[in-house]
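The structures come next, written out as structure tokens.
Okay, so subunit A shows up in both of these, paired with subunit B first and subunit C after.
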Partner chain A sequence: MRTLGEYIRLYFIIEAQYIKARMQYRADFIISSIGMLFTSLATLGVFWVILQSVPDVAGWSLMEMVFIYAFYMIAISPMQILFDHIWQLRFHVQEGTFLKYYFRPLNMMFYYMSEMFDLKGLIQLVMGIALLIYSSIQLQVDWTILKFVLLLITLFSAALVQIAIIVAASCAAFWVVESYPVLGLAWKLREFAPYPMSIFDGAFRFTFTFLIPIGFVAFYPSQLFLRPEEVHWFVYLSPIIGVGLFSLAYWIWAKGVNSYTGTGS
Partner chain B sequence: MRIYLPLIRASYMVSLVYRFGFLFSILGNVIYLGVAYYLWRSIYQGRDVLNGLTFNETFLYVGLGSAIFILLKTYADWIIHFEIQQGTIATYLTKPLDFQLYSLFTNFGALLMNLSAIAIPTAIVMIFVFKVQVVYGIGLFLFPISFMFAFLISFSIDFFVGLISFYSESVWGVTATKDIIVTVLSGGLIPLQFFPEAMQKVLYWLPFQAVYHTPLMMITKADLGWQTFLPMLLLQIAWAVILLIGSRLFYNQAIKVIRISGG
Partner chain C sequence: MSLIHIENLNKHFKVLNRREGLSGAFRDLFSGNYKTVEAVSGISFDIEAGEIVGYIGPNGAGKSTTIKMMTGILQPTSGVIEVNGLVPYYNRIRQAQTMGVVFGQRTQLWWDLPVIESFKILREIYKVDEKIFNQQMEMFNDLVGLKALHMQQVRTLSLGQRMLCDIAASFLHNPKVVFLDEPTIGLDISVKAKIRSLIKKLNTEHKTTIILTTHDLGDVEALCTRIIIIDKGKILYDGDIKKVNALFGAYRTLKLQVDNFNESTLQVLQEKMTSHFGTDKNFTVSQTEEFWTDITFDQALTPLSDVLNFVMKNFSVLDVRIVEISMENVVQKVYDGALG
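Entry: the complex of A and B
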């Protein structure tokens, strides 16, 4: 077994090489970054347009929506930046090139994900941080050290929830040949995470809170900072939910890796 | 024409391979409809009319917009990019067919598949689950015509974007930017009536509104009459012609580059 420290050091070495190689395609990086900027701000743009006609959505003002959205952008960044190789899983599995990941004395998920580092995702992270600072100044959120620690913990668990959903969906590739639609659906659900969950009721609210808990990616944790008096008891469970879901996704991944028999070639 | 028609059938059959995927696409779209329903319900919150649209009209506009989005998502830009990148475009150039027409007809086949597998189920859900009401009027008859021109415009934009990869090494960035611009500025996500007045004036003169807003208005405000729809339709036809010719000229230019760089 390797220690966490060794893995972190190894990760930096691998990514340094990867980034050097990617920098040959500078134009691609610039164009992709512009694409990322547009994609990550699209839903916020929609909220902005809507709030030109009405003062609030279910009691949430534009600036509060910006805060929730900024939280969302930061929370999904680790998935975007560190787990981008997930999109290639189905090709590796189908073409048999996935076999190579069995032959290194490294954790397989670590080795597989380390092969890609999504530079354009950094744009999303930076935008998210900037918007979080801007909106919390506008909303006069008074930051204490305790609150800042709480922010880091909730962001960490929100990121784990998002990573778990995407990893679990991508594992469909181990069992079904045509697995893209499963991942595509999980990817689409991600877009609903910055919506105020209070607009939903019935089956939708239940699904987004307990079954596919995208509510924990942005809305529920950001309530802790915006309206602490309205927080439901289960919001405090978010670190447990994050770690629990990630463990579940990891278990599915391990199952898939063990059942994979190659392509026979 | 005779050589292009079988292409529609062929690409329809190719799409049929991905049957399993349709279930997830329909599920994804039904969830989107649900989210849109709750979102707009909380926006209306007892208000009858916002920007000239009732809740029912807005939901119809947004829901049908998502169905059109799926119909038009034929990945022409990505396919053309891969054909250029992997050089398979050369095999089309040796055949007695026109590459632009070839792409157009293959895309039309994929569109028919999307229509039968995803868009019609979505429309059924909208009518029976969400119980949207449609007013009868001249717009309903103009819709199929308008939609065909919307397809031509959308195809031309995709074809244009696909050709850009003759020059640029990036495809994700260009297509992602295009997708967002087309869907947001066209009424694909929010009715154009909700945009600030000054923006609406600008958007009216851009080709994107002809892709979503024009056909969607024909369904949601079907009873508006000729005097409203005729200018919209003419503008749409003008854009279709301009963009088809424009992308054609660009294709003629771009194809020279591939000869210079060799096979």
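Entry: the complex of A and C
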């Protein structure tokens, strides 16, 4: 068996090559990075427009919304950067090209995901970090070592939640031919993540908190830093939710991989 | 103990008979309307270390399904399968370290990277010693001039070049056994020859066990001493290739496009051929593609020119092709008792 260290080393070796190859298509990289930049700016623009007409969103100010959005940008980056190959899963499964991932002495999820690395996601990550710093200065969040550690832990859990939702949804491809709607829906749902959960009414809020917990991607963990006094008890469970959800997604993936029979040739 | 042990192995697929439209898809979800495909049914064989075995049969015979079970992708429906003393399906990662696999035309190299980088990544994956890696790369270069391709992106290789690279790559980590599933499919004669000689040399170099799947009899003639013929999931023959060669080596199929082709053409042709050449000359007339009539015969008994002359004289022929006997024909002859 391989150790985690060996996997990380292997990951860097593959990605270094991959980035080298990608750099030949520099224009493609620059254009899609600019696209990503504008998408993020557009969302911030929407916040700004909303908060021009109403003083706050469910009691949350513009700068607080920016903080939540920054948290969101950072939290979804690992999914976009490291798990980008997930989008191709259904094609590989349908066309039988998925077979090759069984032939190496490697963890299959690792091997599969290592085949793609989304560079432009790094731009989003950097933007998110910059916005987080900016908004927390504006909001006068007073950072202590403990809070900073808490930030890292909650970011990590939030990233796991997002990864788990997308991985689990994409696994539908192992059982259903027309599987895209499932993944499409899961991907769409993330757009609700950077909003205060209190703007959603009962059923939606319940869903986003307990069933498909996208509330844990940004809003709930952000609360810990913005308004710790309003935090619900379950927010403290976010690391457990992150790890638990990822384990569940991994289990679904393993089920899918083990039941995949390829295509009848 | 043999390297591969298979006993009464079965693999059945449940295939959904899909219903039309959205409501059909919805109903499929809850009430499956399944049929069972017996892709592999009750096969048994043992393969010893160092052997090179031709596993042949027509399309859909169950070859790839068997390979998928031997490589641990598929769980058998029932039966025993052991490779290296382990059950592949439950020991996938451990088995992968001692196996090499090439599956059809689907490359396992890194599509966007130069060839040499794929080999370097494989060195890391299989933890191949630097010194052994260099030796292997030298050997590959000697065999197929791999160095010339080192800097080329995999995506820019021709199918034949890619196949050579894929096969070489599957031997990089000195596996105990290599599975080659249809390595020559879609390649022209000269590339096929290159691939065959590469496989042959790789087998002798390290005494690597090779299971070669193909529906091209030329591949097995060139490479294997032992041949296993499979059809409809069952083994028809397992033994020395000499016996098979003696029977089919000289067989050829003459493909004809006859003017005014109709339902009776096949029968008329068969009757005329037998009455002219005699019943003991093993003529088979059949049809495998639209508008083409196939005459399969033994060149050792009847010279090709005689057959051609006779056909040209009696029919108005638009087009002619001569091909080696097809797998389908071989299988038919085995069913007819040709191998006793």
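FYI, the second predicted complex is superposed on the first by the 264 of 265 C-alpha atoms of A that agree within 3 Å, B and C clash if a C-alpha of one lies under 4 Å from a C-alpha of the other, contacts with A are read in each partner's own complex, and residues count from 1 in each chain.
The rule we apply is simple: contacts are C-beta pairs under 8 Å (C-beta built on N, C-alpha and C of every residue); 3 or more make two chains touch, one makes a residue touch a chain.
From a predicted model like this one, the values you see are computed outputs, not experimental measurements.
Asks: With the two structures overlaid on subunit A, would subunit B and subunit C clash, or do they fit side by side?
Replies: fit
Asks: Rounding in steps of 10 degrees, give the angle subunit B-subunit A-subunit C taken between C-alpha centres.
Replies: Placing subunit A at the corner, the angle measures out to 90 degrees.
Asks: Taking the superposition as given, does A:21 touch the first partner, subunit B, the second, subunit C, both, or neither?
Replies: second
Asks: Looking at the overlay, does A:103 come into contact with subunit B only (first), subunit C only (second), both, or neither?
Replies: second
Asks: With both complexes overlaid on chain A, does A:228 touch subunit B (first), subunit C (second), both or neither?
Replies: It touches nothing on subunit B or subunit C.
Asks: Of the two partner chains, subunit B (first) and subunit C (second), which one does A:192 touch, if any: first, second, both, or neither?
Replies: first
Asks: So, A:261: does it touch subunit B (first), subunit C (second), both, or neither?
Replies: second
Asks: Would you sort A:115 into first (subunit B), second (subunit C), both or neither based on which partner it touches?
Replies: So A:115 only meets subunit C here.
Asks: Have a look and say if subunit B or subunit C is in touch with more residues of subunit A.
Replies: B
Asks: Where does A:178 make contact in the superposed view: on subunit B (first), on subunit C (second), on both, or on neither?
Replies: both
Asks: Please give the nearest C-alpha separation between subunit B and subunit C in the three-chain superposition, to the whole Å.
Replies: 5
Asks: Taking the stated contact definition, name every residue in subunit A that is touched by subunit B in one complex and by subunit C in the other, in rising order.
Replies: Shared contact residues on subunit A: 178.
Asks: Applying the document's contact rule, which stretches of subunit B touch subunit A when the two form their complex?
Replies: Interface residues on the subunit B side: 18, 20-25, 27-28, 31-32, 34-35, 38-39, 41-43, 45, 47, 50-51, 168-170, 172-177, 179-181, 183-184, 189-190, 194-196.
Asks: For the complex, give me every residue of subunit C touching subunit A.
Replies: Residues 13, 15, 25, 37, 39, 59-60, 64, 68, 71-75, 92-94, 96-97, 99, 101, 103-104, 106, 108, 110, 112-113, 117, 120-121, 124-126, 153.
Asks: How about subunit A: which of its residues touch subunit C in the complex?
Replies: Residues of subunit A touching subunit C: 1, 9-10, 13-14, 17-18, 21-22, 96-97, 99-100, 102-107, 115, 178, 258, 260-262, 264-265.
Asks: Would you mind writing out the residues of subunit A in touch with subunit B in their complex?
Replies: Against subunit B, subunit A makes touches at 25, 27-28, 30-36, 38-39, 42, 45-46, 49-50, 52-54, 57-58, 120, 176, 178, 180-182, 184-185, 188-189, 192, 195-196, 199-201, 204.
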